[in-house]
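Okay, so chain A shows up in both of these, paired with chain B first and chain C after.
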Partner chain A sequence: MGRYVIRRLLQMIPVFIGATLLIFLMVNVMGDPVAGLCGDRRCDPATAARLKKEFGLDKPVWQQYATYMGNVFTGDFGTAFNGQKVTELMSTAFPVTIRLTLVAIVFEIAIGITLGVLTGLRRGRPVDTAVLILTLVVISVPTFVTGLLLQLFLGVEWGVIKPSVSSEATVDELIVPGLVLASVSLAYVTRLTRTSIAENRRADYVRTAVAKGLPRRRVITRHLLRNSLIPVVTFIGTDVGALMGGAIVTERIFNIHGVGFQLYQGILRQSTQTVVGFVTVLVLVFLMANLIVDLLYAVLDPRIRYA
Partner chain B sequence: MRGATQAKWAACAVAVALTATACGGGGGGGSGIVGSSWGDPQNPLEPANTNEVQGGKVLDMIVRGLKRYDPKTGEAKDMIAESIVTKDSQNFTVKIKDGWKFSNGEKVTAKSFVDAWNYGAHLKNNQKNSYFFGYIEGYDKVHPEKGDATADTLSGLKAVDERTFTVKLTQKFSTWPDTLGYPAFAPLPKAFFDNRDAWLAKPVGNGPYTVKSYQKGSRMELRKWDGYSGDDKAENGGVDLKVYTDNNSAYTDLMAGNLDLVDDVPASQLKNVKSDLGDRYINTPAGIIQTLAFPFYDSKWNKAGMDKVRRGLSMAINREQITDTIFQKTRTPAKDWTSPVLGDDGGYSDSVCGDACTYDAARAKKLVKDGGGIPGGTLRVSYNSDTGSHKEWVDAVCNSINRALGNDKACVGNPIGTFADYRSKASQQKLDGAWRAGWQMDYPLIQNFLAPVYYTDAPSNDGKYSSEEFDKLVDRANAETDTAKAVATFRDAEKVLAKDMAAIPLWYQNGSAGYSDRVSDVALNQFSVPVYEKIKAD
Partner chain C sequence: MPEPHEPAEGAVAGTGMGGAMDLAASEATTLAAGEAGAGPGAGPGGGPRGGPSAPARSLWSDAWRDLRRNPVFLVSGLIILFLVLISLWPSAITSGDPLDCDLANAQKGSSPGHPFGFNGQGCDVYTRTVYGARASVTVGVCATLGVAVLGSVLGGLAGFFGGVWDAILSRITDVFFAIPVVLGGLVLLSVVTSNTVWPVIGFMVLLGWPQISRIARGSVITAKQHDYVQAARALGASNARMLLRHIAPNAVAPVIVVATIALGTYIALEATLSYLGVGLKPPTVSWGIDISAASQYIRNAPHMLLWPAGALAVTVLAFIMLGDAVRDALDPKLR
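Up next, the complex of A and B:
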């Protein structure tokens, strides 16, 4: 187990370097960021040259990348164009997004798996059909439509929630945005769990458990559900990364100052430091989430062992 | 994650939003807090480093300079200045009023100005507005085009005593005192020079508001400063600026009653704004003109007859139709190269462009043909596609041109991914064909609409337009001591632009804003910044 984890961690290094290099190059290809700082007029050449020097933009790209990576390893992610340290931006944006992601994941697990078990056990019954149709609707409607509609009805028409999240972004404010963010994944989790449960219900070990005279509740939670969760856990694990970086739409609708918003603004302003810094952290989150998912397999299914 | 005080503030802010009552205010008139939408300022909040509206909003509340533009008429009125006198339009003596203070108790002295201007001009401080000090003698030493600065201070700037300083310009510039309303010319307290980082974290100025708290990137709370020395004291208890991720969510918050003022109504809501807000929607002219600029550095566009082609293209654009349907009247068809906010006395004219700015398909077709046709057969109009709704109107302009000329390939849009890339291409003369150009005035003077954009090799003359006649007239107008005569001469210079069709004027941009029924007396100034100190809140 320990050796396996070390091997996986070592494998992360090339992935990490490759991903950051790619992002670094892509942001650089977009052109000269300093030109956008002066509005619809030309920056005076002397100031522009000094700014370029300060941000290291006058050096060749490989050298910029080397310096940047060197700094990253000492914890210095550089400065955004508005003079704020990128680490400072991260320290305000990541807690918000982590909270939002957690709310979303809780919804996925609580609602998604419950509905999945319910429908899996009652295949073909009206409940099953109703949930299937419902998930189909959720999957086919784009997130921004759900988001805007919920915001309009709950926030403006009925006044149940505040349509925009304050800068503190407390958990209770994030419930509706979290639900919107989770909606599509939630539908997938429901369907995955349903199929998996329905399939395993006829498995030998379930029949054995029932034959042993175990109570129905124990058969379902300990034997059936635990074995059926492997694909679901894989999905949720990869979804953590996707939710954190891909919340741009939801974050813009509900005015959440999280990672998605910072990335969007960073791209618009071509702030290499912001974009690469945030993506670097997201890549790390993604890699860690994947590792944890793989380790969870062993917990869920004792037959799986890592050497 | 955050301290108890901030949490308390959050609770307070929520209370404000929910129950529409002031927070911590003592009741009675002037205690109401105005909640207003905001965007993250692009640059650090220094006076000489702020060149866009979001940072400009804050500076307009916390700093006051020698002059201030009247929000209604645009006239530059004395604020801290007691007198600015000159005999030769080149050497100025500035005397400031007694009794002005910064909110930290420091006195506003001649030195506050001299130090701030020297800071703003110096190359090593990376101030994006430093070119404003370019008329002052010694600028080329502290801010050379290439290499390091050879002087620390502007030689043309001297403090005489506590309330007097003198300014020597490099050339005659009679209306120079009228430029001093721009925030870049604001004074700075000693506290700024002692600890710049602390100042940027919580700016200290001499304006009607003080900064109570500032969370970078999310919100700023400004409160009325009772010790303010000027006569434009705040009529409300304070302003809470709140950063929104999207102007649509700000608008939704206004609808839900959580916000009092939105000064950027999203394009997609313009159709509903009248029914949503009624007379709480304002749409007033701002000092912004949009034009199509041309590459005069390209010989194809600079040869004889091309002025006819440009005039023809101008006449092929149906401005009324585009401003009505695409912009819902938040733009006004342009009739000259300046802006209506200048007023007739300031140099605005609704006849300089004349027929050339009026849609006439038949004449347009003939003019383009007479001039030798569009170089290369197709006019490519470049624009940035990331912000604003440029694609819509560029496509509309091209459609209009194509229809008028009866040629489907006469004009196509050429989107460029990001604003930075588009600006970098434009400023390095790498665009072929026309491109969208916008000019937002720095100060309400006709000089500002002409000299920086069309003078030979001027800083924002991206198209490299050059006309000896125009340059001569601008020089003469700058040297003219009588303001009325100066304006008349600038108008003559503008006629040269009309003759050459140096750029195609499209439309003047308006500022638009919507506000809640809690607040009243909301207005936008010529820079489309809300006049916060005049707003009354319950």
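Up next, the complex of A and C:
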């Protein structure tokens, strides 16, 4: 187990370097990193040159990348366009987005797996067909449309929620945004659980469990569910990274000041440090989530052993 | 080394080695069910499957037979045909000009001759919704073609030759998978000033190909272990002949399935990027741009948002349903 974790951690290094380098290049080479510092006006050449020298932007790109990464690993993510430390922005933004992601994942697990089990056990019945059609519709309507519609009806027309979230972003304010963020993945979780349950229901071990007279409830929860949830856990795990990165749309709709909001501001103001810093953390989250999922395999499925 | 797992294909992988027999059994039952369902329509010509009189059917003719009888395929196919037609000739069902706007009409509701009302700039929402199909369909089709060609060539070659190139390609796909798509789009497209559809398509191909390349790689690796490929190799077939004549026709089905479903998601992604202000740019008529503009006036004039959003949802739904139907036809055991 220990050796497996170490090998996986080593494999992550090239992926981490590749992904951060790609984003670094996109921001630095394609955009003009000092343009944002002059506000909306165009920088005059002398100021631009001075700023470039000050930030080390006259050096070759690989050297800038090496310096930047060196700083990141000592905990210095640089400063944003308004002089605030990027780490300060992160310390306010990440808790909000993590709360939002947690709400979304709770929805995925609670609603997605329940619906998946219900439909998987009743394949071909009206419930199954209805839920399948519903998931198709949810997948087809893009998140920003779902979000805007929920905001319109729940927030504006019926006044059930406040249309925009306050800067504290407490959990009860994040319920509807969390549902919106989860919506598409929720539908995938439902379909994945359904396929998995329906397939495993015919497995030998389920027949054995039924034959030995176990109550139906126990067959489903202990035998069927545990085996069927393996692909679902994979999906939810890899989805953590996607949710945090995809929160940019949800956060924009509901005016939540989380990671997506800061990133959007950073991109608008061409603040290289903010963008690369946040993306670096997101990539790390994604890689760690994948590792944890692979380790969870061994817990869920005793047939898998990591040497 | 445990490979990274595909969420979409995980359901099959989860069965493990011990499930092989169950899988074969379930495939047999689904096939039997499919035959039974097709029975009444098949008429007197539908003989028993595999009987001596039945002509041999290839995977493709079999799939086409299934598809023609699938109502989901017929409905989604008709919607897509309609969308393609109006994106080629939008003037067939509207006489207006999407850029002909009169501010005096701004935000007005529906009126005779203008069933969907007017948007914030006073443009006719019906005309703009019709013309918006072109951008979505163009982006979806071109991005899918690009992704499918690039992904299957790179993934297929890596799967076929294996070794160092395969390892390098796998690491490169890992890198692309680690970057959140919407975020990559924001960063990359925020510096683009061109207002054509090509930067958006290029971006989707750039970030989308690893998905297809993984599928293609896996399915080429499966196909190349089959006996007929070994036989062709023993008979001295060249690599190119084996790839093109023997492996490609047998490995392309999963690529087609994933690409069809991806087409719908690319259309949704284009709209999302346009909503965030980095996708298509204004003189181009796009549902994403219109939804984004309308979202500011959602309290006063929700019709400006609902029509383009509805059109977008129906389009994405049609392509995803088509992908589902194609998957059912090509790969009955995934049903």
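Miscellaneous remarks
Everything that follows uses one rule, which is that the second predicted complex is superposed on the first by the 290 of 307 C-alpha atoms of A that agree within 3 Å, B and C clash if a C-alpha of one lies under 4 Å from a C-alpha of the other, contacts with A are read in each partner's own complex, and residues count from 1 in each chain.
To be clear about the criterion, a contact is a pair of C-beta atoms (placed from the backbone, for glycine too) under 8 Å apart; a residue touches a chain by one contact, two chains touch by 3 or more.
Being a predicted model, the structure only gives us computed values, none of them experimental.
Of the two partner chains placed by superposition, only chain C is touched by A:Leu282; chain B is not. Of the two partner chains placed by superposition, chain B and chain C are both touched by A:Gln151. Note: residues 30-31, 151-152, 156, 252-253, 264, 267-268 of chain A belong to the chain B contact set and to the chain C contact set alike, using the contact criterion stated above. Only residues 14-16, 18-19, 22-23, 26-27, 30-31, 136-137, 139-145, 148-149, 151-152, 156, 188, 192, 195-196, 199-200, 202-204, 227-228, 230-232, 234-235, 238-239, 241-242, 244-246, 248-249, 252-253, 263-264, 267-268, 275, 279, 282-283, 286-287, 290, 294, 301, 303 of chain A touch chain C when the two sit together in their complex.
Interface residues of chain C facing chain A in the complex, by the touch rule stated above, are 2, 4-5, 7, 10-11, 13-16, 18-19, 22-23, 25-26, 171-172, 174-176, 178-184, 186-188, 190-191, 264, 268, 271-272, 275-276, 291, 295, 298-299, 302, 305, 309, 312-314, 316-317, 320-321, 324, 334. For chain A in complex with chain B, the touching residues are 30-47, 49-51, 54, 81-84, 88-89, 92, 95, 151-152, 155-156, 159, 162-164, 166-168, 170, 251-257, 261, 264-265, 267-270. Residues 1-2, 6-7, 10, 13-14, 17, 40-44, 51-52, 123-124, 126-128, 130-131, 143-146, 200, 215-219, 242-246, 248-250, 252-253, 255-256, 258, 386-387, 417-421, 423-425, 427, 437-440, 452, 459-460, 462 of chain B touch chain A in their complex.
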